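Please read the structure below before turning to the comments.
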Amino acid sequence: MAAQTPRMDGPERDTVRSLLAELWRDRLQPSRPGSGRETPSGRLIHGALFVTATLSAFVTIGIVLVLIFETVEFFREIPLIDFFGSTKWSALFAEKQFGVWALVWGTGLIALIGLAVAIPLGLMAAVFLSEYAPPRVRAVVKPILEVLAGVPTVVFGYFALLSISPVIRDIFGQDVGIYNALSAGIVVGLMIVPIIASLSEDAMRAVPRSLREGAYALGSTRMEVSLRVVLPAAFSGVVASIILAFSRAVGETMAVTIAGGGNPQFGVGPLEAVQTMTAMIVQLSLGDTPTTSIEFKVLFAVAMTLFVLTLGMNFIAQWVSHRFREEYE
Amino acid sequence: MARNFFTMMRSSAPTGTAAPPASDSRTERATPPPPNMKEEAAAGVGVHLDPNLEAVRHDFTEEVEVALQLRNVSAFYGSFQAIDKMTMPIPQNRVTALIGPSGCGKSTLLRCFNRMNDLIPGARIEGEITFEGRNLIDPNVDAVEVRRRIGMVFQKPNPFPKSIYENVAFGARINGYSGDMDRLVEDSLRRAALWDEVKDELDKSGLALSGGQQQRLCIARAIAVQPEIILMDEPASALDPVATLKIEDLMRELAEHYTIVVVTHNMQQAGRVSDYTAFLLAGEERVGRLVEFGPTQEIFTNPLDQRTEDYITGRYG
Amino acid sequence: MSAAIPTTGITPYAPRIRARRGLSVGFMVIALLAITAAMLMLGALIVEILVDGAARLFTDGTATVQEVRGETLIDLPTPENMNWLAWAMPVAILLPFMGLRVVRSLIADIPALAERAIGFATTLPVALFVHILYVRFESAYYIEYAKAIGVDGASGNIFQLFGEASGFQFVRLIVAGLILPLGIIAAGWFWSNRLRRPSLLLPGIAIAAWVVYLFLDPFFLSSYPSRLPAQAGLFSAITGTLYMMVITAAVAFPLGVGAAIYLEEYARRNWFSRMIQVNISNLAGVPSIIYGLLGLQVFVRVLEFERSVLAGACTMALLVMPIIIVSAQEALRTVPPSMREAAYAVGATRWQVVRFHVLPYAFGGMLTGNILAMSRAIGETAPLIAIGALTFIAFLADSPTDDFTVMPIQVFNWVTRPQSGFHEIAASGIIVLMLVLLVMNAAAIIMRQRTRTDW
């Protein structure tokens, strides 16, 4: 039974009605089709917000234009084959050579050392946090790992140069230079551990519980569930996290500038000084390079290479995580 | 450890005060029928498993061996008690259905049988579940081995995101099976009545199958590790009627080789597939208790407890 | 039915299972070791920096002056009034706190607001008064101190400037010295009132901050860079960082939040908004040095900002904008749709819904994201090097078009010098930088917890 509601009748009701009508007359104007219910000021706000949203597109366009503009200038003077077809780099000497592979080698070497450090640490951490750790432990450990991601890269550079490099020299002998790819690579690895650990853990936690239970019900140990069911099921996320971490390692600048040295040489080993693309950009930026000089333009050609590389890897990571994601209901 | 547990009560015990067989005097004590027991049934052969439980066992007409014997099994999630002191047998090579309204602890009980509750933080079990003479709940008993020998099929099909072949082979592989894997996969799929449908596409992902096929794949997966008991947690609730029928047929077939315990919401299903039925009910404080256990036909046609009859005739929600 | 499954091969179980169990446990141990290794590296990093940098950042705080240029120690006792004022501060912080505890035990139901007001009214003025007095005596003392250790005029220490008595610089000094301790005292009061009973923890933190302040080397934080490690300081870098952060936040926050509001509340789900969304996530992955080149061309050269604070801040704003947008979007998504529907149902326009119903609830989350973005910006070095921020700035920026330097650039500069004296002050600079980051992240975490609403 519905509760009885007080009802108004007669003149009382009419008064209320007319009052209401008066109150709402201005508001209840039929709106023009397509305009929604937006007032002129509402439309203004809408427009302003739209502009802020499109700004990010202009940033991308700006980056591409800036890079392309100077890169084209560069290739007007230096043929493409000298840039991509050579492994010798000597931009600051009288006899200039612009073989980008020397820089790519340094970048790749440090990034790969970084991955060699970060993949085992990061994946192990992810498996532990997602499969083994009780919630309370995870709540403590995960933020601590993420602190690693918040440390400024210049701090890692200090650590590599003044703490890790001496240890490496103690191990491999004093003829190893104080600047070497290994120390830079190790700190780059530390920097990307949280990326791999965090994203992989997310991917593994997204694996439905039912799958784990299915495996346990067949008599699996925790390790077998982790490694043979959860990890394969989260594979796309794990791979994407590794690619993203690699992309981050390639774009990393300060630590490799400080600790990696300034030796753009193709084919050198991990115990020698190298120079990455980013370190080269810093080196050229620190000097007062005239904006019309070839050194200034090569900056952008190298940056373009870096941009295309990292963007490509980011796209691959996105593609992998979408294309190979297992769809569970 | 097999004991002649169910005896021909009707012939040997003409009254309700008949002494239980000497083989299992600990759990079976003759007691007066509870007040809410139906008169005509009480006059017959009903025997309490435990006077505190008001759980009723009917007269049994066949001799079967016991696969699992529960004694005073209670389960807790943290401070919440989910089931309270359940005592009953699970007959071997028979299908036993656990029925009851939502939240009465059916699934919890099922998950006690193969220690799946170990995986839930804060969950603990008390009491005794005897399997081949050992108490499964004993912390010294290896849960991994228990789960290998007591398999489980879940409510929602949960095939691994691997090929059909790998799905079936997975359990045997991790358990160190060294025999002919192809043959094991084929046999398991045949037993799960899936072989004819998938034999040409064993490399296809298990997730690409239909819901009913996925569930049969999960059954094949469970069979492949050669368990003695298969637990099924509402195995057909996510399936359409045709697929459900197939799973039910399969359960009947599997009962020749395995002991099957199935949780179901579906009364008709319990009636169709099971040999024995346990009716569980949660009281006001949401603690699940065993109300009645007995041969399905008896439970459905001639329940001893008023609440059982109410539930079966649909008077419970 | 097929033939029976062969039962050989799987049995016997028990020994095998024990081995597998062992393997599983071993695996867990290895995983734990991996995590420990990562955390140990972090620990080593922190310890190394503290050990290297503490000497220059902190004085022993007593009467003697440290040895400079191999000369003998100069005995310059701190004046008596400084000593007792140093002790007065903890009392000033604790006394009203304890008093309030007593009052609370006598009067059961003090309104929370009244309690907070009493807390502020009793702590803040007293602490402020003690601090101003302390700074007065301290300044006089440190002028003598500077003369004694022979800090020359070229290094431009601000205590010497103060010696020439410009009121403006006096105010600047007080403000710089007050921000840390008073901020924490205020936060302490605010927080202790959120708890059921006023907690001793937060006044404790305030007192700890005061002790740190007492022992801070005044010269490192208040000197300009120098060619001598013993005289070099972080003053221009700190002010440069502050200056740049204010402008960065002022530029990036409105733009980022605006974009987030558009994408979440206004945009239709079409190719355009999807493109923007993909673009934002890709921008977050662009190496920071490339933003520097963008800033170099657009802000420094085309817009002719020169190598100024403004150019640096604009570049930094573009860099952190994707972070702000994404976190603001997440904050907006936590507001349940029913909230918007309820507002629409009483006839609100779209902007009214956003302004009065969505934003107030999402604002805390947005602010948190903004703080995190700023903490990213504080540590960034590469883009500012690319736009040509200088490392040797012996003056304070007075307008946004002045040259500037920031803390990480100063640290970078010191690290790359060969002399170990510079390495030490680089570590000191890193401690300051990390402390600032720590405070910002703590603020973000506290804010997130405070503003989290469970729907």
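Going by the order they are written in, the chains are A, B and C; count residues from 1 in each one.
Convention: a contact is a pair of C-beta atoms (placed from the backbone, for glycine too) under 8 Å apart; a residue touches a chain by one contact, two chains touch by 3 or more.
Given the structure is predicted, the values throughout are model-derived calculations rather than measurements.
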Computed over C-alpha atoms, the centroid farthest from that of chain C is that of chain B
Busiest chain-chain interface by contact pairs, anyone? A-C
Going by C-alpha centres, which chain would you call the most central? A
So, what's the distance in Å between the C-alpha centres of chain C and chain A? 22
Distance between chain centroids, defined by C-alpha means - chain A, chain B (Å): 51
So how far apart, in whole Å, are chain B and chain C when each is placed at the average of its C-alpha atoms? 59
Send over the residues of chain C in touch with two or more other chains. 20-21
Mind pulling the residue numbers of chain B that touch at least two other chains? 144-145, 148, 174-175, 225
Within chain A, the set of residues that touch 2 or more other chains is 221, 224
Using the touch definition up top, name the residues of chain A that touch chain C in the complex. 27, 36-39, 41-42, 45-46, 48-57, 59-60, 62-63, 66-67, 69-70, 120-121, 124-125, 127-129, 132, 141, 144-145, 147-148, 150-159, 161-163, 190, 193, 197, 221-224, 226-227, 244, 247-248, 250-254, 257-258, 278, 281-282, 285-286, 291, 299-300, 303, 306-307, 310-311, 314-315, 318
Contacts from chain C onto chain B in the complex sit at residues 1-10, 13-14, 16-18, 20-21
Touching residues on chain A, where the partner in the complex is chain B: 134-135, 208, 210-221, 224, 228-229, 232-233, 326-329
Along chain B, where are the residues that touch chain C in the complex? 142, 144-145, 148, 172, 174-180, 183-184, 186-188, 190-191, 223-226, 253
Which residues, counting only chain C, touch chain A once they are in their complex? 20-21, 23-24, 27-28, 30-35, 37-39, 41-42, 44-45, 48-49, 52, 254-256, 258-259, 261-263, 266-267, 273, 275-276, 279-283, 285-294, 296-298, 301, 318, 321-322, 325, 347, 349-351, 375-376, 378-382, 385-386, 388, 408, 411-412, 415-416, 423, 426-427, 430, 433-434, 437, 441
